[in-house]
Amino acid sequence: MTSATLGGLVGAALVGLGLYGLIAKPQPLRKILAFNLMGSGVFLVFGIVARKGAAAGLQADPVPQAMVITGIVVAFAASALAVNLVLRLFEAAGQATLSRDAWAKLPDDGAGPV
Amino acid sequence: MRVDSSAIAATAGGGLLALPILLPVVGVLLSFLIGGRRAEWIALVLMPVELAVAVAIACLVWRSGEPLVYTLAGYTPPLGIALRADGFSAVMLVTAGLIAPAAALFARASFASPRGTEKRAPLVFWTLLQGIQAALSVIFLGADLFNLYVGLELLTFAAVPLVCLDGRPETLAAALRYLLFALFGSVFYLLGVALLYGAYGTLDIALLAPLIRPQPAVWLAAALMTAGLLAKTALFPLHLWLPSAHANAPAAASAVLSGLVVKGSFFLVVRLWFDVLASLPGVVPGTILAALGSAAILFGSVLALRQERLKMLIAYSTVAQIGYLFLMFPLSRGPWAADAFSGGVMQASSHAFAKAAMFLSAGLIAESLGHDRIAELGGAARAMPATFLALGLGGLSLMGLPPSGGFVAKWLLMKASIACGQWVWAVVMAAGGLLAGGYLYRVLAPAVSGESPLLQKRPARSRESVALALALVAVLLAFAPPGFFAFLQIGRPAAGLALQ
Amino acid sequence: MNLLVDLFSIAAIGAGVFFFLAGTVGLLRFPDPLSRLHALTKADNLGLGLIVLGLLPRSESLLAALKLVAIWALVQLAGATAAQLVGRAVRRKGSAA
Amino acid sequence: MSVLQALDIGLALLVFAVAAWTIFARGAFAATVGYVVYGLLLSLVWIRLFAVDVALTEAAIGSGVTGILLIGAAARLRGGETAGDERSLSGAARLFTAGLCILVALALAGVVLLLPDQGPSLARQSMQNLAETGLGNPVTAVLIAYRSFDTMLEKVVLVLAVVGVWSLAADRYWGGAPGEARAARPEPTLAFLAQVLAPLGILVGVHIFWVGADEPGGAFQGGAILAAMWMIVMMARLTEAPQTNAFWLRLALVAGPLVFLAAGVAGSIFAGGFFAYPPWLAKPAILFIETFMVLSIAVTLPMLVAGPPRREPRQ
């Protein structure tokens, strides 16, 4: 079994694990973690693609590698925005939950922002 | 598999294609850098220029009858990145180019900065509004699947903070839910991109399309990318984030989010199935998409009927109207394909104008009455007739009644679905039209009768006219000449046309 | 000569791996945070030091050897700081309880 | 089976196990610590895939900076996250979700294994065009030359992320500094670490950026290391987080994309196309752009971690 094959299997497993966490975990911070796992699984798939495209004296195709670098930075920025939203929500409401019922109890006078 | 890169060559005037992206990017960077009141001025100065560029691009596409192409950085695809504008791109570009400045004009009263100091909400709003424009331009013009991914992310980052500008807990929760759905969507899209690159070694749409074969990697990529884009477009059953996010944002932001932002990811679903995967058998996936769309129409309309707040009602009607967009997919192969495509695009554009007009009107109503509870709207139309006229004219398009762009869209889609024998979509559309009539009646009927209520504040004439102008555009789209539909076909792959 | 270098490397790296293992076992088996820290910092620093030592004669250039030593020094620094911080947090928690 | 293969399999199992731990661990704090470990293991996987540039990025940003962000959040959320616990899915729904996820993973694994071994790739074209960029590292060439448009837009994404994070501030704090008002006394242990590490780290960061032209490394990785140094100095309370209305801060945040954009527009005048470089100027132009990108990354990452302004602005 080559390291590329192994990497592919790990990547696929990570996508599955992350997807499960994203759907099944109720706490937003755990969802963010799961999103990061899923993201890194996707990046690994890019890595396998790069490795399988080794040519011209290169051990791996540089184009997917560059895309992964872009992707890692974007994923970090996304995590930062999400984490800060969770913290702000926690601060404003005393709890960090996405459940609808928690907000349904709040008085809603319809005077939303205009 | 060797890729023939000579297929991509820049066309005359192609350099124009970079401007709709670069101008708002300059706007974002400068607005953030020098801040304060100047953010608003920068946006208001750049938007007309951007609209002019969009119109110029449309004219060039029209005159040449061919898509406009530009290769960036001096490298041709597959190594480099190309921009490409076909008829559909140009129409969406102009649509966005009109709605964004309308929302901006409307927003001036809510997001004005006092002289000298910088305030939070205005700076964020003006910066991100330009961010949305840049992102949509990337999406409408991008010809490279990874570049489109970056465009999608730009759109997410620009759109999400607008939802929770007021910082209330429920809007923060709505923004977070929106962000999580959007991130899920991006990751799935990106995974599909990885698989397509692995299979064919290029991400340029024009180079990729002829290479596509029905093989496992392609099917999985198609499924993942479509699922991801549907989460961002809020197609049933992935719509859960939309109503609270769109209904709680400031009116000008709601107009852009509901009118334009969801169309960005929809646009990519169309790119995917009509351009990249045009050679795949499209009936089964198209039918699945249309079935989800039908469910969205019925479900969204029924829920809209049951809402207590006007902005929530309008947000649920977006869920329903997004459903119509997906009825074009099972009709994409055959002699009726052109009608179905035109219908879908017309729906995307007319809903954008109508929905923007409605959210702006709803914002004015909420501001004038101090609430937007539907049960207490009695007589309100007498106090603010122009606002309700805009709401009603927008509603015309949602119901699909003539004369309106919505009517033309639904008519074309019905024609196509009956022509190819898939009349079930026509039935759904008729039912959706009736339900839309129902929920609009709930709002408009009491509003035009009874005592006019005491207004807390008269809506400004200028803001009413912005909403009305948008609603009028949605109506005027009904009079689109046949040439408009020919224009939409510019750049469609020959595969679809060959069957005609 | 080559054989001697190889034997030296194997011996040093083997010893390093042993200390890593011992440290990990300590981390998992020791009862309280402070003794866990003790196991971790002592064994890991020694373990890494021995591995670096074993790799030194195999480095291609003086610069590479210097980099190896720098890695060890940086890990020492980070490990010592982290241990300090964890230790203090444990003590604060203990005194608060 | 060779030793290397056995190590590969062990590494793969370990990555999978730690990943599962971050999903299934009971406490959010334990899960985030697991995530940091996972990130470091993952960078080893990237080295095994011969993607050293990615390994560096993963270690610095994917594991390092993201780790600080998540651990900080988990610590602040303690007590708050349990509120959502009872809202987890029912057994049947969880089973269905698990089934779906396994299906996706299996389909993906199958497809990835089926991808051709000597697959289509742009490696050859990347190398053929490398000479005219003056660079030696093809990954850097993709990022700053062939697909520079992506990279410029991604820098704009970072700016929008900062705007988004700051937008969460309370109105009265707009323009102020992020982070709680701090005790004036620096933490002595951390202060020592920062004083020793920061100068070294800055050296390493600049070095990694500089060699990135020809060897693994580059603006992202170097910038991330510089960012980490600034974060350590701030954590040690040797310096305060800057005010978000400071012009120099905003200039540093937008400098990367702005210079990139300006060079792109200049390309349309001097090199016949947006984002094109004249051949004789390619390498200096690329290094010039990258310098500002390093600056912007080094400032953006800590500001994203620091969060929205939480103190009233000083005049």
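Letters A, B, C and D mark the chains as written, and numbering starts fresh at 1 in each.
Quick note on the criterion: contacts are C-beta pairs under 8 Å (C-beta built on N, C-alpha and C of every residue); 3 or more make two chains touch, one makes a residue touch a chain.
These numbers were taken from a predicted model, which means no experiment stands behind them.
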Seminar exercise, completed: Contact tally winner between A-D and A-B is A-D
For this session: Could you give the separation in Å between the centres of chain A and chain D, each centre being the mean of its C-alpha atoms?
Result: 13
Problem set entry | Distance between the centres, which are taken as Cα means, of chain B and chain A, whole angstrom | 25
Seminar exercise, completed: Chain-centre distance (mean CA atoms) for chain B and chain C, in whole Å, is 57
Problem set entry | Length of the line joining the C-alpha centres of chain C and chain D, rounded to whole Å | 27
Seminar exercise, completed: Where chain B touches two or more other chains at once, the residues are 79, 146, 150, 153, 157, 160-161, 164-165, 167, 172, 191, 195, 198, 201
Problem set entry | Sequence positions of chain A contacting 2 or more other chains | 15, 28, 32, 45, 48-49, 52-53, 63, 67, 70, 74, 77-78, 81, 85-86, 88, 97-98, 102
Seminar exercise, completed: In chain D, the residues touching two or more other chains are 108, 112, 115-116, 119-122, 126, 146-147, 150, 154, 157, 161, 164, 168
Problem set entry | Chain-chain contacts as defined at top | A-B, A-D, B-D, C-D
Problem set entry | Residues of chain D defined as touching chain C within the complex | 189-190, 192-193, 196-197, 200
Seminar exercise, completed: Contacts from chain A onto chain D in the complex sit at residues 1, 3-21, 23-30, 32-34, 36-37, 40, 43-45, 47-63, 65-70, 72-81, 83-88, 90, 94-99, 102
Seminar exercise, completed: As the complex stands, chain A meets chain B at residues 15, 22, 28, 31-32, 35, 38-39, 42, 45-46, 48-49, 52-53, 63-64, 67, 70-71, 74, 77-78, 81-82, 85-86, 88-89, 92-93, 97-98, 102-103, 106, 108-114
Exercise. Inside the complex, what are the residues of chain B that reach chain D?
Worked result: 1, 3, 10, 15, 18, 21-22, 25-26, 28-29, 32-33, 35, 70-75, 78-81, 118-121, 123-124, 127-128, 131, 134, 138, 146-147, 150-151, 153-154, 157-158, 160-161, 164-165, 167, 172, 191, 195, 198-202, 216-217, 220
Exercise. Once bound in the complex, which stretches of chain D touch chain B?
Worked result: 107-108, 110-112, 114-116, 119-122, 125-126, 129, 145-150, 152-154, 156-157, 159-164, 166-171, 174-175, 245, 247, 250-251, 253-254, 257-258, 261, 264-265, 267-268, 271-277
